[in-house]
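Structures incoming, each one as structure tokens.
Next come two complexes built around subunit A: one with subunit B, the other with subunit C.
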Partner chain A sequence: MRTVMQSNPLSVFSFYAIVVCITAASSSPVIQLLSLIGAVACNFGYNTAKKAVFSIVLFVLMAILNPLFNTSGATALFFINDFAITLEAVLYGVSASLSITAVIYWFFSFSRIMTGEKIIYLFGKLSPHIALLISSVIRFVPMFLRLYSQSRKAQICMGICKNDTVINKLKCEIRVLSVMITRCTENGIITADSMEARGYGNINRTCFSFYKLRLYDIIYIIIYVLLAIVTVFAIASGCISFEYYPTITVPKASPLMYASYICWAALVFLPTLTQAGKEIKWKYLLSRI
Partner chain B sequence: MEILTVKDLTFTYPTSSSASLKNISFSVNEGEFIVVCGRTGGGKTTLLKQLVPSIAPLGNRLGDIDTHKCKIAYVCQSPNEQIVCDKVYAELAFALENQAMPRDQMIAKIAEASGFFGLDDILYSDCDSLSGGQKQIVAIASAMICRPDVLVLDEPTSRLDPIAKEKLLSLIKKINRELACCVIISEHYIEPLLEYADKMLLLDKELIYFGSVDGGLKALSGYPPLKDALPASTRIYSEFNIDCKIPITVKDGRNYIRKYFKNDVKYLSEDKKEEQKESAIEIKNVYFRYTKNGKDILNGAELCVKKGQVFCLLGGNGSGKSTLLSIIAGALRAYSGEIRILGKRLKQYSGDLYKTVTLLPQDVLTVFSHDTVRQELQVCKNINEFPYDFTPILDNHPYDISGGQAQLLALAMATGNDQSILLLDEPTKGLDKESSLSIADMIKKLKESGKTVLCVTHDSEFAAMCADRCALLFSGECTQNLPTAEFFRCNTFYTTPISIMTRNYYENVLTVEKCVEIMKINGEKTV
Partner chain C sequence: MNTLKKVIRYSIPFVIMPLTVWAGTFLPFKNNYIIISCIIAILSILLFYCSFDTKKLSSRRLVLCAVMSSLCVIGRFIPFLKPVTAITVISSVYMGAEAGFLIGSTSALVSNMYFGQGPWTPFQMLAWGTIGFLSGLISPILKKSKCVFIIYGALCGILYSLVMDVWTSVFYNGSLTISLYISAVVTSLPHMALYTVSNVIFGIMLFKPLGKKFERIKLKYGI
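What follows is the complex of A and B.
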């Protein structure tokens, strides 16, 4: 059994798509909080402190902003120049920040796990031509930047460009840009030759990848969908939604509410649980050696 | 069995008035190894591209090329530009994807190619992180993956350093030997191929010769513009009329000299030159690293270049040669040590260093920004003082002139403001012998006009031709700082082929010209 994050990019992507969409669509702070904890757990051990500082600052800022612009709500806490700060607006702000912070945390791990080749694999399923385009762009950008700094250095060290006044600096940039355009066009011809010499132009192109959709990847996707259906059904039926304005209404307890909380928790903690399972298994295996 | 036949091929580019190829006829058999030689601009690339139907240049083509339905793969000289994808395995898969091959077959093919070409360690790497030599191996592997019958290579090693060159050429021989794949290769550096090749093709717009290697060497030595491309021992052989097996390698050359020539006169009399006392570049205890925790690229380097001297700094890849030049030119800063230019500390120049020091980059195409050579030369104050005549190419695009001319053009632009100190970063990289000689010539002329030249190079023959003094940069230090003759005499590996051939027989002979001169003075042995 492999962990959620090790499975096929298609299943990883569907996990993120489902989790992020539900987190963003739900107005229930329980769902949001669970999602945030699950996301933070996924990022544990990767720049934890730096991300925490960033997200706490963001969280506080967003939570403060809502009551400053929104006066709806019945319970006024205090007044600033006749402007009411209401309890409902404060709580709504906290809930919205929870949801945004959770989404940001999911994207932190998304960008770590979905490397260029995984994204190319996904696009390769859609269109091999787009996949090739992305692959060559990924290669082109660092090449372009290196060429830029090389050519800028060459111009300055030869005394053709002067790096002193603003006008001269601007002239230098224009000259370098002109070099880059000529050079990139020229390089493009060589690349095109190299592609055509290897048979490019066939309409039935495929996209190669080492990833393969195996049975457990499909099982994972089915699990995500089943867990998500319960939560989505609960959200759609309104039985877990919080009302903030004019006064806060907490949803009544119901079997569906508990079921959806449990399913949602299972979904967002699945990556962490499978990861922990793997660690324990390795410990056990190593101890037997 | 014939797999490729070219008959009366004449080709003219649409924008050109004269033909680039005239009346070319030859045929290639299965599994042959063919070396194509010719001057730059002699139509080598045009001919090789014509052989590959999918990339044959457009233009007026007369005559026939019959490829007999065989598969032809093509690899060119630019390691960076001919790679398409970001990862090595994706690059290998590229040709297979174009054929819409099923995934399992693709994996099998990639596994095979990765094993044969030794790519297992770098299969998942970014193509961008590879060295030039590795990139060329990837390019060849991804061309070979479709199992072609003919592999066409256009100067595959010209952008590589000597060690990577050697490695790539032996790989190309392996492809021919073990896969029985026909190889057609054009190359400046033919020495390691001559003993192996089946046939030679000499091209200078017209077909000069096509046939066995021995005949090819004879034809080459009788054709002045191409003579310089020959290995040193063959060039010596071609100066005399002795009927024997043509020497190709250094070992052959050494035996040839010893067998047929006397050594009564051991060395040529040389006029002692007075060394200038004043120093132009002075470097003391310079330390440099790229990142805070990285290793020192320069580790207490010390160097002194006198005024009016040509100084060549040799050294392996990544030994910090180019870094040192960048530091002297003020593009990078050493974290410790003292650098003086014309007696003044580098820090005191503050922005007007470019009036004294000029650095010519390795890749001179990064310099040109205009459409014609004429416009490029406008940055020079007085172009008439530059000892090269650009008149015939004034209206050409800087990308269309030969590599040697581009190097000279950049040199003219670099010295345009009468800078007295010239820093050159591998000026002969990717050039054929003829152009290398013209650059060496130019450096001598610039020296006569009072310029100081510090040149970084891999090319020991070039250094032997133009340097007054040489040094070896190794592990961040300059060692073996000696006058050129002594430098090459003391070295065992970093030396010229002639120096090895004449070791213990003649003294202080480094170049072909000097060697021929001393051989003529001594005369042939009477049997």
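What follows is the complex of A and C.
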């Protein structure tokens, strides 16, 4: 059994689609908070200090923004030039920015896990030509970056580019970009000719990938859907929805509410739990050597 | 495969898109707009990809598209200035509307692999792809004079920023309100200025040399 993040791209993608959709669309702060904690736990062990600072700043900005534009709400906290800042608007702003921060955190791990080949596996079947285009761009970018720094150094070395003032630096960048365009397009034509010589375009193109849809991938997808259905059903029946305007109404406790919270928490923490299980097994096996 | 493409080509605009919007009104959530708009953006990118006649895309054109969009991705690494739009516009002027869409959308997708994917990726792909597509359609006008080209580049920068602001306010509030939209536009003014200025600068500096290069490659290799 593999962890959630190691399973087939299809099941990873459906996990993210379900979690992100429900997080972005729900108005319950409990759901949003659980989702945020799950997303942060998912990034545990990776250096995300910069991203954390960015998302905290975003969180504060977003939370401030709402009360400045929204005056509906019964409890006024204070007035700025006859403009009421209400408690309800502040809390609504906090809830909205919770959901946005959670979504952004999910996407931090999404961009780490969904590498180029997985994206090509998912969407390459629609059009093999476009899959080829994307995969060749992924290959070209690091190569061209290397060429770029080479050409830049050569230009500076020859004394054509001066690396002193801002204007000269800008001129240098544009000159190097222009050099790169000539060099890369010429090389590209040669690549294309060699592709054709090896039989590109003679028969229909297929995409190579070593991902297989195994039984546990399907089981994972079924688990996600079942857990999500309970949560969505609870949201639809309105038994976990918070009302902000005019006054805050907290939903009454009901079995469905607790069930949906538990299901949502299980869904959100599933990647972390499977990962932790794997780590514990690894440590245990190491200790027995 | 081809029948599948045909089905997709006709079913997306006439069946799936209206159905999504119609079903969206029944969704139990409060913030339906963001999900529905994301789905519509993804569907329209799929529609574009499927309706292109990729058989016409010879290997040379395909590789040239790949080269230009990887240069766009590299352009995003240059600090402060963003030559992405300028390169997309110039290359789609010389390579046609379909290639323009491919270059714009691919460079958005791949550059986000370096700068971070997010719910904004489909919108960015669509916005850049549309810029490329449009400039391919009006290429005869743009080829003629540098002045028109630079004005068009500046407009593209402004429009791109305005479209992404729509996304920001929908994502924040769940719906589009005028006051929130205006505040999003105001907060993104520095970005808008940056896009516009760098489009103009790169337009002035790259228009002639790049045009010459494309003409030469067309002449030399007969693309």
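Methods note: the second predicted complex is superposed on the first by the 234 of 289 C-alpha atoms of A that agree within 3 Å, B and C clash if a C-alpha of one lies under 4 Å from a C-alpha of the other, contacts with A are read in each partner's own complex, and residues count from 1 in each chain.
Operating definition for what follows: a contact is a pair of C-beta atoms (placed from the backbone, for glycine too) under 8 Å apart; a residue touches a chain by one contact, two chains touch by 3 or more.
Because the structure is predicted, anything quoted here is derived from the model rather than measured.
Once the two complexes are overlaid on the shared chain, A:Ile138 sits against subunit B and subunit C alike. Looking at the shared chain after the overlay, A:Ser151 reaches subunit B, while subunit C stays out of its contact range.
By the touch criterion defined above, A:Met62 lies against subunit C but remains apart from subunit B after alignment on the C-alpha atoms of chain A. Once the two complexes are overlaid on the shared chain, A:Phe110 sits against subunit C while remaining clear of subunit B. With both structures placed on the common chain, the touch criterion links A:Thr182 to subunit B and to subunit C. Shared-chain residue A:Met195: touches subunit B and subunit C both.
Residue contacts after overlaying the shared chain place A:Ile37 against neither subunit B nor subunit C.
Judged by the touch definition given at the top, the superposed model places A:Ile160 against subunit B, while subunit C stays out of reach.
In the superposed pair of complexes, A:Ser127 makes contact with subunit C only, with no contact to subunit B.
Shared contact residues of subunit A with subunit B and subunit C: 116, 132, 136, 138, 178, 182, 186-187, 191, 193, 195-196, 200-201, 204. Contacts from subunit A toward subunit C in the complex involve residues 20-21, 24-27, 62, 65-66, 68-69, 96, 100, 103-104, 107-108, 110-111, 114-116, 119, 126-127, 129-130, 132-134, 136-138, 140-141, 144-145, 148, 170, 173-174, 177-178, 180-182, 184-189, 191-193, 195-196, 200-201, 204, 232, 235-236, 241.
Of all the residues in subunit C, the ones that touch subunit A in their complex are 1, 5, 8, 27-32, 34-35, 46, 49-50, 52, 54, 57-60, 62-71, 73-75, 77-78, 81, 83, 102, 106-107, 109-110, 112-114, 116-119, 171-174, 177, 179-180, 183, 201-202, 205-206, 209-210, 213, 217, 221. On the subunit A side of its complex with subunit B, the touching residues are 116-117, 120, 128, 132, 135-136, 138-139, 142-143, 147, 150-151, 153-160, 162-164, 175-176, 178-179, 182-183, 186-187, 190-191, 193-202, 204-208, 210, 212.
For subunit B in complex with subunit A, the touching residues are 49, 52, 54-55, 73-74, 76, 78, 80-87, 89-90, 93-101, 103, 106-107, 110, 126-128, 139, 142-143, 146, 326, 329-331, 351, 354-355, 358-361, 363, 365-370, 379, 399, 410, 413-414, 416-417, 419, 423.
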